[in-house]
């Protein structure tokens, strides 16, 4: 008997869920998105706007989705399952947009551009979290690290210049990473408690000191953020180019960080040891790897990455700090860590899913859909919920994350 | 108490010179977001400071961190023997009513809400009037024929601005047979684009960017600090995108970005609060409603020098029309 | 080793761990003081070091006076502690079941809204209304808590993600709800609900002996203490409590023993959500009498710190909740008497949590010997 | 080189694990270290390996006193260790595990995985331990995992190699292979410390035998001077019954009947492949097989922890293929799980609570809402006494018990009630002779009381000693049914390895 003929309960459940999902999406687009006759303009480049008939598109898509779903239930795509699911979902989103934009047009490329730009702090925050958790330390403090870094970044950046702002932000990220390290590793404090404490500490200190100092000295809280820089050649690619390569340095930083961390995590000695101490520290320890030192190191690097992410607010976006400016982005990043399955690229994608949903909801605000603004506001969170429940499901954390390591 | 620098200095100054005779104690309870919120809490507090210097009253304020703080803060001020207590924001309406009724001998005034007791003066504002004019002005100044607006959250004190703005644009279209489009507020549905908060500046940046991508070249921000993010983005567009500030003249409050502000729609909170303190000390004002309008200067707008003289003339005309009620702004 | 010896040892430990806790609080206050002084730019600028320090003294004494200094202060502390206790138990119970409930805020909103609804649609004697309204809160919170539970049981979606998302969704949904005919107060255009009927409001706890004026704390504290007692009974005596803890500590063993993982996950979140819902209801019936978008404030989130600090035990959670409540009322008084902004409270809270959670650190700082200290982890990783 | 442990003392909170222990081992010799559970063997070796620092006493290498700050020092000093619980990262490949800590690197510290593979190859070829460097550890049978551990040690060219209970998980043939490896190590001039419970093996391979009891060395002897009984007595401190005494079975009607049972793992691989068999009341059926041939999945399916993809399971005529674990339990099925730490116990709970883990809900202890802990306490005291669990208080945490006693808690819990079927998986893994003797006698008692017993063990001796019939599992199939009295361990070992003994028709 071979596996292709028979499926385990898990697999059956998964493939069934996929099939059902596809069909549901199909039905939805059949029922709703075919309502409106008009054609929707997707602004792709300066000159060119792609007009597609929301009705036609939805009809075709509906048939395709239901067909695919049925096939999935009846035979199963096997390996390709997730590819179909992803494509199906993407097309569904487009159909949804076409429906809402029918009779009007909107700047599609600009939407993607915002999606990428806004993903920066979430991605960097998540990578910071991954660096810590891969080596076995839970980092709930991402929000706090981002917030504090934004604070120092703005002050230092205003007094000296934006570049120093980044340095200051990174430094404060490292400092908080160190604090997390000392408490979680040396004094073996409950790691989740430390994380929360650091979050409260950052919120409190930045608000308190901010109020006492920045109000007195507004000049310490104004700097000129980075402007977008076009990457030669790449930025000329239609749609992709403007969305990914007409951005400011922070976006490019985040590309580099994601790529570097991935390489570092899976292709280097450090990475191997890091994953080892996250999975089974005793094993690494028994081979003479200095578990604690490595954990410290990763927490500091993670802090630096979070610091860079925090610098995005003053230096990469709005040129100043304000009370609680990060507004919970660090917790979205935490979700992205899990959602992205502790993989930098996964986290990047997770962040994009979230910010795409945000960008879409803003477009919808300008288009004529009957949806109340309160529901539009919750859309990004709702989408994340659905995506995590529907596609991501159970994800495997590093085995020993959260458990302090003692040599004896 | 209070940690606003000017506050401390002046309070000390006052308490020193008036350990002799403070003419009274004027107190303010803010809603969430302190007296540094670049919004109405700050505006109201400036009214108190004005009263402090001009009327020689001592001033105090308490910041509320959440709804749970309203009652205790009011109680503290009752205990402190404040002569007049200014509460800021409709969120404090119920608490204000409660304490006003319990303490008939203390004078209260509440910003953004009507009177609710014999000793409460309501301070409300026809914010839509100023917004209407900035809307007209924006429409006139827009080259792209698209303007935008967005709010913090979907509550009347916010949407009243957006409504006035949109109506101003509508009026411009009617007058000039133009077709200037408004993003972010739908007059019929009474709904539009919101940041969902009053703190995340990058939301402001992102919303401005999104509207800019859809062609908007003037954006009216009604979300407190969030608007600063829009200004920051406008900076990047090198003058292609202009911002209309709210509450106060943002070209002053956000001096660094002064150049991006095409104007601001104003709400005379500061003046009203000053007036309220004065009335309270005089024992008048209780049970009445002060409504700030273009007429009494309690609502208004400012524009940057650059706007052409004839547009300014039109604006003055419209302003007159609004004042004598020939032009509807709601 | 003889039993009495163990007993003695553990008593000594408990005592010394009390000492450690006190030292932790002291350490926090010291660090807080440093922050206050250093951030007092004007005074330092003008070289008025003395003034800065005297303000510091005022601040800290105000902190004490405002939290326990008078009957009114005490009663404020009680009112503040009440929701912390209940929501804290919600989070703690989830921890015991191996679940990380970040969603107490959303569950409070859901429960509070349900309570409000019952509060204003029905009338009748308090004895009927109050229990029913709170029951509604329980149900509301439970239903909202069920979502992450079922999602985890069915799809494995991690509750940390889902509860965070649901908090945002809840806060926007309540904003919408408060604008609907059903909830919105007729004479108001802003998102604020109708008043619950007077009978539904919780009476003052000492009203019956005429202390209602001097000690205005509402009787929600009684509910809170009942919740703590119930939580204790649940953990120590109940069958399901045993299942929850077995599952929380070793899911494989629990399944081996015939417990139903999926059901426990769902029920665990339902119960936690229900308790948080009651916390929301208590705030409505005890404090406000109506619902706004922000009535839950950050209680649901602070409750996580409360539960962590209390090691998720009934008494521990209760005491840390009371500490948080005291800091809150103390902070208000501090703001009244000094120029120190209330945000400082958040700082102090963070420092206290940090130091109390780090006994080894405190011992190192204060050169304390002895005292066995636990360094257990409340939340054992992300599972998988 | 010569290695001396002198007066090593090491205590843990509440436990004196090693008490002035002195031992020595030199190149080219095998020292067997024997002792009950909790005697302190692992602790002593962890001290030697720098994982623990001793409270007092010292380590000498060729007479030179040395102190190890960490494992790194010990490794540098030429000491290698194959731990009782393998120190392998399950999600890593063989090569990654082997080179961890001594990774060959290229530019920018990038891993040179090709070099790593080659390093593994060299060593494994040299000592004839064939290994696929790219296989994932979690997919490897324990026997192979152990080879990886050995290669790890050899790669760091250790001069003294410590094996902590290496044979517990091996088949007879694997054990023989293992002894070959040990010999080749000794021939290569290495000193070997060999920790075991299995006296036979100690006698077979060791040059010297040291016996540890309650943290102290109670004696040292040599295979020529001593025999099994003598050593066992030294270990336990009293004469021990080594061979299971049982009279022949009186099989009754079928209790458990399994037909065409097929099970897939989550990834869809077939792990139990169309199995059919029956167990009758009053008999002990043993399932022999190398770990990882589907026994685990079979047991989990029989006990309701895993869903069957095909086929049926019947208990006394009732179809229980889809019954929940609890229902099966209530129908009189007992389950002694293979991994006591992972499944059998909640170590953070009290011994008493663990003793009722599978029946806390019964009317005896609970009215459905609340628990009667008083009752639980009394029953537990009783069980602890009857099943000889060594503890001074049933309210102590289960984690405070040594391995053997933890196992007895499970046995007590599962066997102390009226049963129709008892499924016991690795009932005595890592348990000392004293406890083994006891647990075995309990199992036989169950059989004689008319229970159908299914034993699954990778320790062939155990299966042979206990079973009335033996089924051999290989690659998810039952490849043979043999009578232990008529078949040799060697032949069964061959079945377990997938081949057939000579003279057996295919």
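For this structure, a couple of remarks:
A, B, C and D label the chains in the order they appear, each numbered from 1.
Methods note: a contact is a pair of C-beta atoms (placed from the backbone, for glycine too) under 8 Å apart; a residue touches a chain by one contact, two chains touch by 3 or more.
Because the structure is a prediction, the values reported are computed rather than measured.
In terms of C-beta pairs in contact, A-D outnumbers the other of C-D and A-D. Ranking all chains by how far their C-alpha centres lie from the centre of chain C, first place goes to D. Taking each chain's centre as the average of its CA atoms, chain C and chain D sit 46 Å apart. One finds 44 Å separating the Cα centroids of chain A and chain D. Taking the mean of the C-alpha atoms as each chain's centre, chain A and chain B sit 36 Å apart.
For the pair chain A and chain C, the distance between C-alpha centroids works out to 30 Å.
The multi-chain contact residues of chain B, meaning those touching 2 or more other chains, are 3, 5, 34, 154, 196.
Across the assembly, chain D contributes no residue that touches 2 or more other chains. Shown for chain C are the residues in touch with two or more other chains, namely 42, 172, 175, 179, 341, 343.
Contacting chain pairs (ordered by label): A-B, A-C, A-D, B-C, C-D.
For chain A in complex with chain C, the residues that touch the partner chain are 17, 133, 138, 183, 186-194, 196-201, 203-205, 207-209, 211-213, 216-217, 328, 331-332, 334-335, 338-339, 372, 374-375, 377-378, 381-382, 384-385, 388-390, 392-404. Those residues of chain B that touch chain A in the shared complex are 3-5, 34, 36, 148, 150, 154, 183-184, 186, 189, 191-194, 196-197, 199-207, 209-211, 213-214, 225, 228-229, 232-233, 235-236, 256. Across the interface of their complex, chain A is touched by residues 46, 49, 51-53, 70-73, 75-76, 81, 83, 87-92, 96-97, 100-103, 105, 108-111, 152, 262, 264-270, 273-274, 307, 309-310 of chain D. Residues of chain B touching chain C in their complex: 1-3, 5, 7-9, 32, 34, 62-63, 65-69, 71-73, 75-76, 80, 90-91, 93-94, 153-157, 196.
The residues of chain C lying in touch with chain A in their complex are 35, 39-42, 100, 102, 151, 154-158, 160-162, 164-166, 168-169, 172-173, 175-176, 179, 304-305, 308-309, 341, 343-351, 353-354, 357-358, 360-361, 364, 375-384.
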